[in-house]
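Consider the two complexes below, in which subunit A is the common component and subunit B and subunit C are the respective partners.
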Partner chain A sequence: MYRLRRPWTAPSTAAAALVRPVWRGLPWRVWGVAQGAGTLAAGLIRVCGGGPLPALVLLRAAVLAGALGLAFLLDDPARHTTATVPVRRVVRTALRVALVAPVVAVWWTAVLLLVPGSVRPPVWDITLEAGTASVLALAAATVAVRRTDEPEPGRSVATALLAGAVLAPLLLPARWALFVAPGDPGWAAAHERWAWVLAGAAALWAVSLREPRRRRTVRAPLRSAFRSVFRSPCGTSGLSRTC
Partner chain B sequence: MTATRTERTAPVAVSTGTRNGRAAVVALAGFEARRLLLRLPVLLALAGHVTWIVWRTLRPADDFPVLQDADRATQSGPLFVGLAVMLCANQAALRSLRRDTERHFAVTSLTLWRRTAAHVLSVVPLALLTAVAVTAQFTWEAAKPGAVGRGSVAELLAGPLTVLLFGTAGVLLARLNSSAVAGPLLVVAFLLLFVGSASQSGGQDTGPVWLWPVVVTSGVHPFPSDLLGRPAGWHALYLAGLALTVALLAVLVSGGRTRTVQAALAGALALAALGGVMQTGGIPAATDTARSRASLAPEQDQTCVRRGASHYCAFPEWTPRVEDWARIADRVQGLAGGAAHDRPLLVRQRLEARYGLSDDAALDPATRPDQVTVGTSWGGDRVPEFSTAVAGVLVAGNERRAGELCDGRMVPLMWLSLAWQRDPESALRHVRLDDSVTGSALVLSGTEPLTMTAGQTKVVRALLHRPLADVGARVKAHWDELTAPGVTTARAAELLGVRVSVGGDRCTG
Partner chain C sequence: MTVTVSASGLTLRYGATRALDDVSLRLTPGVTGLLGPNGAGKTTLLRVLATAVPADSGAFTVLGRDPGTARGRQEVRRALGYLPQTPGFHPDFTPFEFVDYVAILKELTDRAGRHREVRRVLAEVGLGEVRGKRIRKLSGGMRQRVALAAALVGDPGFLVLDEPTVGLDPEQRLRFRELIAEAGEGRTVLLSTHQTEDVAMLCHRVLVMADGRIRFDGTPAELAARAAGRVWSSTARDAGAKAGWRTGTGAFRNVGDPPEGADLLEPTLEDGYLLALDDEHAEVTA
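This part shows the complex of A and B:
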C-alpha cells in the first residue's frame, strides 16, 4: 500500500476536527457518578464535622473516587473504528486529557472549598496526592490501551487502582509510608515520596502514550481461536497503524 | 469490503415453566459462580486470605491460643475477600449490559429477576469457600497443643456471612445503578466504613457498634467464655437477615415482584431487625455480675489442683495450662535455697474483667503470702514474666513486697527468674520494658513491674555468664543473707563472687 504525503498542518486540522466528537464521546456519566461520590464524601466532612484525621480520610476517599472516574477516561466503545482517523494516539489521548482537565480542576477546587478551613489538610500536599492518583489512573489506562485490544479497559484499570489503594496502606513498610496522618512528623517526607510516585507515573504515562511499533503478539492458539470468531477489528490490508 | 459473519447454531427452544426456570437459574448460578471464582481480584483476595491465615497462625506468639478469642480472630480476613466479591459480583451482574448481550436473554426463559437471583446465588459458593478457610484457621488453632477454651460457631459464621452480604450488595448496586464506576465506589464507601468503625469502636464493645458487619474487640487479656458478653449469635442472625434482605431486594428491584419474594423479604427484614435490636442491648446483668465475681473473688469460679507441694487454681477452661505453670514454678523453686526451696505456693489465675474486653488494666499485686498471680494469656513474654513473679514471691514473701523491692534482693530474684531458661540473656531483654540489657529498666511481671538499677543489671548479667551449678551453690549457701531486707547490691555481688562496681541502690541512695 502506498503512503500519501500529507501537508504538515494536517494533524492539527484533524485534531481540531476531533474536538467535538471526542467531547461527546467522553464517559461523562461515569464521571458524574464518581465526582458526585467524591463531592458527597467532602460534603460529609462539612455536615458531620470531626477532626483533621476524619477530614483527611474522607478527602482521600474523594481523591480515590475522582481517580476511579479518570480510570475510564480512555474508554472508547468505538475504538476499533476511531483507530483509523489520521491522528496519532498521542494527540487523541492528549485531546481527551486537555478536555477533561478543566472539569477535574473545577471539581477539585469545589471539593477543597467544601472542606472547612479549620480541618483542611495543607492544600498543595493533598493536591499532590490527588494529582498522583489521577496520573496513576491515566498511566494505568494508557498502559491498558497500549497492551490490549480492549475498547473499554476502564473497568480493569479501576479494579487495579482500587486494589492498589486498599493494599498500599496495609503493605507499605513504615519507611515508605504514603498515607500519613496530619501532624505526623513524617508528613513532609511522605509527600516527597508522593512526588516521586507522581514522577514515576508521569514517566510511565509518557512512555506508554506512543503507539507500539508492532502489533501485540497474541499466543498462537488464542490467536487462531480469536480469528475464527472475529475478523481483525483494525482492518487486514497491512496498515502501518495499529489500533 | 468483506462482511463480518458469525455462524452460530440457533438456541434450542425451551419452555418457560417454573421448574425449567428454576433449573435455568441454578445452571446460570453455577456458571456465574465459576466465573466469579476465577476472576483475578477474587483469586488474589483468596490467596491473600490464605497467606494471612498461615502467617497469623504460625507466629510464635500464637502457640497458646485461647479458642474463645481465636474464633473472632477469623473475622477480619474475610472482609477483603468480601470486598473483592462485591466488586466482581457487581461487574458480573453488569456484564450483559457492557457486552450488549442483554437482548439475547430475551429469547431464553430467564427474565431479569431470575438472572439477578442467579447472580445472588453465585455468591454462595464464595461464602462457603470462606467458611472452609475460616474453619481451617480455627481447627488449626484448636489443634495446637497449647490451645485452651472453646470457640463459638456464631463467631465463626460472621466471616462467611460478611462475604455473602458484600456480594449481594454488589448485585443490588448493579440493579440500582448500571454505571461501571459504581461498584468501585461502593468498595471505597465500605472501606470508609471500616476505617470509621475502627476509630468509632475503639474501646467500645456494646451498643450500636454491633451494627457494623464485623466487631473485632481485640482483648489484651482473654476472658473465660462465660464472661465475653458478645452477642455473637444475634449478630450472626443480623448478618444473615441483612444478606437475605439485600439479596431479595435485588430480585425485587429487577422485577421479581411475586408474592413469595415479597413475603420472604418481609421475613428477612424481620430477622435482620430482630438480630439488630437484640445485639445492641448491651451486656446482660448476669454477665456483669459474673465479671465482677471473677475479678474480685476468682476462687468462687476456679478449680484448684495440687502439683507437688503447691496448689494451682485456674478458671475451668485453663486447667490444661497448670502443667506448664507447675513446670516453671518447680524450676524456679529448685534454684532457691533455705525455706523457699520447699515452701508451698498458691498459683492463682487472676483477671480484671470489670471494664470490658478491650480494657488493659493492670492487676493489683496479691498481698497474701506465697500467692503468685498468673494471667489468662500464655506463651512468648508471658513465660519469663510468670517466672519473675514466682521468683519475686520466693525472695520477698508476697507480690506486693516484691514490687516494692529496691535493694540487693533484686539480684537473686532476677537470677532465679532467668537462670533456668534456655537463653537467659534474651529472656532478660524480653522482660525489660525497653528491651535493653544494660542500664536501669522496668522489669515486667504479671502484676506490678519491678525496677532494676544499672548495677543490678551488671551483676545479674555477670551471674548469667557463669556456670549454673556454681552460682546455684552460692545462692543456696547464702540464701538467708541474700534475701534479708536491706542487703545492698554490692554485698549481694560480693556473696555471689562477682566483682563489678555497682553503685548505690535506690533505697540506700
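This part shows the complex of A and C:
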C-alpha cells in the first residue's frame, strides 16, 4: 500500500511541491482588478497633474486598492475538502504570501514610478502606509479564516477594510490621526503611529496563523448579522450547529 | 475485532446548545452508518473525529494516535480521508490536478509515486476517462466522486464521509454505494447519511444520533428488530401510531404501540430508526 512506503515529509518539501497548484489557485482575477485600479489611480496623478495633496490622496487610493486585493489572498474554494490534511495551514498561508509578495513589490514599485518625483510623498513613509494596509488585509483575512468556516471570506474582509479606511479619517481623534497631508507638522508622528499599527497587525497575523479553531459563540443580537456574512458549510441545521 | 477509533465523553457546545453531549463510541474496520435527523450532531461528530474542529471535552484516538496534541493531530491526519458535506474545488483544475493537489497536501511528495496513486484512485471512483476535464464542466455526481477520490488518495486507514449521496440520482447513488463498500474493505469508514437504505445495504453497524447523543449503537438487524411487534397494518391511520402513512396498496402502515390483535408487519431498518429517535430514554446497546 502506498502509505506504507510514504516517508516523513519536511514542510519545505511539501511547500516546494505545492508551488504550482497554489499559484494556479490564487485569486489572480480579483488582484488584476485591484492592481489595475491602483495603477489607474497612480496614472491619473501623472496624466492630470496637480499638487502633492491630490497626488497623496490618489496614491492612498492605490494603496487601498492593493490592500483590498490582498484581502482575497486566503480565499480557497477547496478549503473544506482540504480541511484535515497534514500539511499545516501556516505552511500553506506562508506559501501564498511568498508567491504573491514579489508580484506586489513589482506592482508597488511601478505605482511609485508612475508618480512624478515633484509631487511624490516621501517614498519610505508612503511605503510604510502601503505595507501596513497590506498586513492589515492579510491579518483580517487570516482572522476570518481562523474564526469562521467561510471558504472565501475575501469579500467580507474587503468590505470591512473599505469601511475602516473610510471611517478611520472621520472618527480618529486628532492625536491619533493617520491620514495627514505632506508638509503637515504631524507627518512624522503620524508615521510613527503607522509603524505601531503595522506592528499590531503583524502580531495579530502571527497569532492567527495557527490552525482554525471552532467559531466562538456569537451573541444572539449579532447572530443574524454574522450569519448573513459568513455562511456555514456544515450540517443541515441552523447556526447553533455551525462549526 | 480491532478497535480503530475510540472516543469517550466527547462534548461540544455552541452557545446554549450541546451539539455533542458526552458521546462515546468505538469503531472497527468496515462501514459504520451514522443516522440522525437534521441538527442531531452528526456533522459535528464527524468534524471532531476528522480533527477539523476540537471538542470542548472528551478524548479520542484514531488508529492508536491521539489528536490532542499538534503532533498527534498531524499523525491522525496522515491516516485520514475526509469527505465533507459540501466539498469545494478549484473549478479550473482537472480532477487529476485537484486530487494531485490534495495528495501533496497529504504529504505524498514523490512525484512519480503520487501520480500513480492519483491515477489509481481516479480509476477506482470511475473518473479515469474524464481526469483531464475541468471540474467546472463535470456533473454534481462526478464532482462528488472527485471529492471521494481526494478523500481516498494516500490510502487512509480511517475514512469519514458526510452525506456523500446527497443530491445524487438513484443510479449515481448505486454507484456510490459500490464505491463506499469497496472503500470499507480493510479500513474503517464512518458514513453519515439520511438514507436508511444505504445503511441497510452497506453497514455492518449503525449509530443513531439525536440531540447530540448516541441513541442506538448496534447492527442494522438489531435496529430493525427494535421495531419487532411495533409495526402493523390498518385500514385507517391508527391513533396509537407514532408514525403512519398510506402505502401504495391503500392500507396504512403504522409504527408505534399497536392495538390488541393488530395485523403485525415485518419491521424495516427505518421503522427501528423512527422508534430509536422517538424513545426519549433509549438505551444504547452494544
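Basically, the second predicted complex is superposed on the first by the 199 of 243 C-alpha atoms of A that agree within 3 Å, B and C clash if a C-alpha of one lies under 4 Å from a C-alpha of the other, contacts with A are read in each partner's own complex, and residues count from 1 in each chain.
Just so it is clear, a contact is a pair of C-beta atoms (placed from the backbone, for glycine too) under 8 Å apart; a residue touches a chain by one contact, two chains touch by 3 or more.
Bear in mind that the values here come from a model prediction, so they are computed numbers and not experimental data.
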Under the stated touch criterion, which partner chain does A:Leu59 make contact with: subunit B (first), subunit C (second), both, or neither?
neither
What is the contact status of A:Thr159 with respect to subunit B (first) and subunit C (second): first, second, both, or neither?
first
Of subunit C and subunit B, partner touching more subunit A residues
C
Where does A:Ala78 make contact in the superposed view: on subunit B (first), on subunit C (second), on both, or on neither?
second
Contacts for A:Arg88 in the overlay, against subunit B (first) and subunit C (second): which applies, first, second, both or neither?
second
Thinking of the overlay built on chain A, is A:Val30 touched by subunit B (first), by subunit C (second), by both, or by neither?
first
Determine, under the contact definition given at the top, whether A:Val119 touches first (subunit B), second (subunit C), both, or neither.
neither
What residues on subunit A does subunit C touch that subunit B touches too?
none
Residue ranges of subunit C touching subunit A (in the complex, touch as defined)
12-15, 17, 19, 38-39, 41-44, 47, 50-54, 73-74, 77-80, 82-93, 97-98, 100-102, 104-109, 111, 113, 117, 147, 150, 154-157, 162-163
Which of the residues in subunit A end up touching subunit B in this complex?
29-30, 33-34, 37, 41, 53-54, 57-58, 61, 64-65, 68-69, 71-72, 152, 154-155, 158-159, 161-163, 165-166, 229-231
Touching subunit C in the complex: which residues of subunit A?
1-3, 5-6, 8-9, 13-14, 16-18, 21, 24-25, 76-88, 92, 151, 211, 213-214, 217-218, 233-243
Enumerate the contact residues on subunit B facing subunit A in the complex.
2, 4, 6, 40-41, 44, 80, 83, 87, 91, 98, 177, 179-182, 184-185, 187-189, 191-192, 195-196, 199
